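Several structures are given next for inspection.
There are two complexes below, and they share chain A, which is joined by chain B in the first and by chain C in the second.
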Partner chain A sequence: MNHRAVAVCTAALVSAVALTGCGGDSGGNGGSSSDASGPITLEYWAWAPGLEQAVALWNEANPDVRVVVKNQAGGDDLVTRVVTAAQAGEAPDLVQAEYQALPTLISNDVLADISDHLEGTGTAEEFSEGLWQQVTLGTDALYAIPQDSGPLMFYYRHDLFEEYGLEVPTTWDEFADTARALRDAAPDRYLTTFSAQDAGLFAGLSQQAGAQWWTTEGESWRVAIDDEPTRRVAEFWGGLVAEDAIHNEPMYTPAWNQALNTGEQIAWVSAVWAPGVLASSAEDTAGQWAVAPLPQWEAGGNATGSWGGSTTAVTNDSDHAEAAAKFAAWINTDPEALATMVREGGIYPAATAAQTGDALAEPPAFFADQPDFYEIAAGVAEGTAPAAWGPNVNVAYSTFNDAFGSAASARSDFGAALAEVQNATVADLERQGFRVAG
Partner chain B sequence: MSVGAPAPTVAAGTPPPGDRSAPAGPPAGRRPRRIALLPSAVLLLGALYCLIPVTWVLIASTKAGRELFSTFTFLPGTGLWGNISDLSAYRDGVYWTWMANSALYAGVGALLSTAVSAFAGYALAMYRFRGRESIFNVLLAGVLMPPVILAVPQYLLMAQVGLAGTRWSVLLPVVLSPYGIYLARIYAAAAVPRDVVESGRIDGAGEWRIFRSIGLPMMLPGLVTVFLFQFVAIWNNFLLPYIMLSDDERFPITLGLFTLLNQGASAPALYTLVITGSLLAILPLIALFLVIQRFWSLDLLSGAVKS
Partner chain C sequence: MNTPVKTPDSSAAGASAPTAPRTRRVRGARVGGPRSAPYAFLLPAVLLFVAFFALPIGYAVWLSFRKVEVQGLGLGSGGRREVWAGLSNYAGALTDPELLAGALRVLGYGMIVVPTMLGLALLFALMLDADRVAGRRFARLTIFLPYAVPGVIAALLWGFLYLPSVSPLHFALDRLGLPQPDLLGGGALFIALSNIAVWGGTGFNMIVIYTALRAIPPEIYEAARLDGCSQRQIAWRIKIPMVAPSLVLTFFFSVIATLQVFNEPTTLRPLTNNLSTTWSPLMKVYQDAFVRGNIHSAAATAVIIALVTLVLSFGFLRLANSRTRQEESR
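For the complex of A and B:
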């Protein structure tokens, strides 16, 4: 009797494995599809809403190269997930990756250099130089195609600006004066807040000032977080926080939603995707917002930084890197594909032509009163400063949250916090075994 | 968690009459009262601590998107049905696919692991064989090992045999539960008397028959516990499916809700959907506890042998 039980169990296990063998193929990496003539399947891990509809267009036009989107949770966690999968040789053919994640993925040997596959296609000309530099890391290689971008702009409540007789600031000095003037006119309101929980925004503001946080020098990294441009930005915001000209509570909290909704905060420095956020967190204020270019350090300049944005990259595990590269270029430059993503997912395309295309002719519903919303955005996007990311952005960001968090709540010196971020980032790079210059 | 919590509130009511007959006796006067007051207060606090988040989920799920952050926290909103239908409509009802997946992983996984625990626990408790103690010690070490740190090695192993990304990759690792085997062994040793097993042998029953007809019924309350523990653990498991699965048609509910929360910087997180989804996700657990609870009371009746 005992033996029979064992036999049954073994049989069950064996059939389980056999079953999986037939039904469980996850596609993409299977050896069976290496035959060049047959139709191939590309697996694509992504989170952008609306992507599936755009991919459907491709699949219709290219029956030989079928792309399957597998929806993932976005952000930093996906980077970890992809690196783990690549270690097991199971990474998908294509991944969506944020700009700042690219060096991490490259240093873990996850991403393929697709420059050869796209040679002579003119893909580079479709994008602004600042974005293209982020996907090549300033080398001859090409690791990803830009998908969407988040140029920083200045959002404000036009009704309240009018009520208090405020001018839209064009320089940061005017910005500071506006903040002070508002405090004088309405002590219960703030112009905006400095959020110590959003390192991405601070990074964007620093890029505008000309910061290049990570650069390579031969075989070693140079970290310049605590350098002149970033210090300027940190001191500026730290000063405003210290004199209580702006608020010091983080963004994306219920309290912040409340403050935007009630007009306790009347402006927001944010990226081009802000309308979507405002629509959900400050629903009552629809139609009362307007957008302007980001205040400048030099009067008359047109520089901005980026907050957010992502790319499409091809992995080393892909058996069909060339087809995957062609797809990545197509989905991020084809007008119809981009229009679909704009319509379905509300992304702001990275491709320059699409930024003034038909899909963006209408302003976002939340900014119905400002028909030239996307014209302004396209003008701002032209001046997007290049960003320079390194392999441990996550460490810099989490140190930023801690150091600036306590500095902001104590209204103390931001310079010391910045030095802390610099030191922690360098120390972590060295611990990981990278060579660090300087 | 939510189901275990109400118990302290009952204990925390008025000072139980049983206290009066406590050994301390009447001369101590106020002392036993004060002792009872402090634990009651602590338990009450504990109950609040456990219940407030559940209450929050319950109330927040009734709020429509615009009410979520603008109305008073514990004021019920008006959007419950709207939220549920939004959730059901999201990407053609993928939420219910996740729910079904969770039920599959937790149901089948917990059943299989209970079966394995029953076999292994019974064998370890009833038979003497060489290496028994070392097997048991290895299992004990497994109990101390948090499953989280095993997830990545398990993923690499699954990838080796080509199972990564399949449903099996989530099911197989949970089948062997060291804690379940440990519990089943302890329970079998305590609840299945050797005398009964011996008399079964004398009457000529085979080992399988003895296990099935004598051991299994006596172990049932213990096995129900193992099943519940495993079911809840698998239902709430996040990291293992997160590492193993890439196809969102196979996601369990924990993972699905996580994707709703992380839609990238440009899309606002779908808070109302996630909150409503979390509420619906704990309902099956509560129902399971209520249904299965009665098996626990078998305890006293099933294992009685007069000696």
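For the complex of A and C:
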């Protein structure tokens, strides 16, 4: 009896806490539905570090439009949460969303078209065309303002490259030769690894080759994952894995940290934010890394893809879409706000002017020996290829994890894995009722 | 119905015992009739059950019969609406080869986990129960301790031990010049995953069996010893048959836990290419609901898993009950 009583009491307590929790939450949204005459409050779900400091600047200058940041789970988890909240009509005014999540959010009718609110402000000119295309989806609408971007670059251990007499590769052919040469010179080391857990990196590499995974044709979607450019990328990396010229284990594991830290892997194809990761994953190697532009498919080219990067979007549930849109444009173009986010959060701003601004004059601490780090980055960012995202990126990504995971582990044909990703993505679109061309 | 009546009587003072039922009835009437009192006591539990158990289950079943239909490009408002799906989600789930493959993987995993874990638990319980065991409390605590480690943490810890370049195990093997097995690939992966569950679950099951062992009256052992039974014979002929109900119970729990395996493979997944995102049926439900954004198909799969679990566990309980009844009637 006693035991059960305790259990019931506990359950009652827990549910009481849960109920008050819910009540508190819906109350928090009340501010945004108040009259437009008084000061309004905008709720902003985001996870980027340093954002709160930038928002504080806005709140100081705009007492009538207060923005409240609610820190949330990052990335895909937030997408799920926002979609669920929007179904209940409780979505916040503003959300941080990664580029590849935008079509999913738009197709769930979460994001508002803010093009009317920002007409004539010249916001579009602040960003590179490749990024702007990702927030308009190539239409006349505007669904978000780019915040940061992740152009891909080539990071390498300059001390070990020197030791083994390796040249920094400028083309992918040279990259493959470098990988093989290193295996010959030091059989216990690898140039890098192919990670089947990081679909975002593979997507970026495919963009560099010219891939457009999702495009629209009239009222239908066209999925071109298993297309020439991506197939070229998949076969290139699959070939290197098959001949054991590069490693096949995933990134972001304790083993991978160890490999970077001990020089078992001496290079990393990654985005501009890599110094932060290296500083925590390979802390013993500070000052031994250098950056170079991403190897090219055609000698002399300057193309790159993106890995990561976020936007600020306004939701349809917002009662103050115009104010929210103004804030979204301000935080991502105002020099002071961007400098704050660079300083506090280490982001790489999407706004072109900020990429060469004072905030990025100094190289990241981990790359202290390379004073022109951000100059190189700005040069690379200029050649960022446009990405084309669709409404089921998550399905393509999780299929990628499984299909390329088993292909990498078996060192088998990456082409078959790519076809699997294509088929699963098309099948999912069709099952949902999207019209699919081709 | 006998016991509840007896309990208040015996707790009342001995002298007033005969009048106790009458006073009780009077007091009950004042509150609002003797028949409503039990329901009033039940109400909080029933409300909680309905709010946090029955309703969510009902909602999941409702979702499993619905689906979202997209129009054209599906962009902008009105692009998608929820419609009745009939049994199509169930048909989709049952014909999905990945769900069947996941079920088979979990079957293989369970064939390793359940016998190993229960065998070890029984062995440890018998050893602790044997006479002249030094450090019994310490041993009991040590074996039980892993159960107190949250599943995700345990999987992370073991993950470190499985990765060749950071594992002390591989380091030692390397130093000894022995081959280093790949614990996160092929058949070894099943053993690696099972190991985490066995490590975490043995202590709990051992305590359940051990408690049952302690409840066996010592006279039985005395009689057995007088008849010339050795310790091993006592264990085999008396202890194990006497704790059979506990073994049934622990088996029952273990089977349910196995069918719900999620934490260990999900935590180890980022470490290796060999664990797919849909390795176990529950991982597939999670993938469908929270990664692929298809809660309707996820709900259907979840209902199927719940039904299979229900049939398997209650089928087993009935089987076990009828066995005991047969043995009793013999």
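One rule holds for everything that comes next: the second predicted complex is superposed on the first by the 404 of 438 C-alpha atoms of A that agree within 3 Å, B and C clash if a C-alpha of one lies under 4 Å from a C-alpha of the other, contacts with A are read in each partner's own complex, and residues count from 1 in each chain.
One rule holds for everything that comes next: contacts are C-beta pairs under 8 Å (C-beta built on N, C-alpha and C of every residue); 3 or more make two chains touch, one makes a residue touch a chain.
No experiment lies behind these values; they were computed from the predicted model shown.
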- In the superposed model on chain A, is it clash or fit for chain B and chain C? clash
- Touching A:352, do we find chain B (first), chain C (second), both, or neither? neither
- Which partner does A:171 reach: the first (chain B), the second (chain C), both, or neither? neither
- Query: Is A:249 touching the first partner chain B, the second partner chain C, both, or neither of them?
  - Reply: second
- So, A:412: does it touch chain B (first), chain C (second), both, or neither? neither
- When the two structures are overlaid on chain A, which partner does A:432 contact: first (chain B), second (chain C), both, or neither? second
- Which holds for A:273: it touches chain B only (first), chain C only (second), both, or neither? first
- Task: In the overlay, answer first, second, both or neither for which of chain B and chain C A:258 touches.
- Result: both
- Task: With chain C in view, single out which of the stretches 78-86, 204-212 or 222-230 of chain B clashes with it after superposition.
- Result: 204-212
- Item | Doubly contacted chain A residues - partners chain C and chain B | 77, 254, 258
- Within the complex, chain A is touched by chain C residues 44-45, 48, 51-52, 68-80, 159-160, 163-166, 185, 270-278, 287, 290-294
- Task: Within their complex, state which residues of chain A touch chain C.
- Result: 8, 11-12, 15, 76-77, 80, 83, 103-104, 106-109, 113, 137, 139, 196-197, 216, 219-221, 248-250, 252-255, 258-259, 264, 316, 391-392, 394-395, 398, 401-402, 404-406, 408-409, 428, 432-435
- Query: If you look only at chain A, which of its residues touch chain B in the complex?
  - Reply: 1-2, 4-5, 16-17, 20-21, 23-24, 26, 43, 45, 47-49, 70-75, 77, 81, 84-85, 87-90, 92, 98, 148, 150, 200, 254, 257-258, 261, 271, 273, 276-277, 279-281, 283-284, 307-310, 345-348
- Task: Mind listing the chain B positions that touch chain A in their complex?
- Result: 65-66, 69-70, 152, 155-156, 159-168, 206-209, 242-243, 246-248, 255, 258-259, 261-268
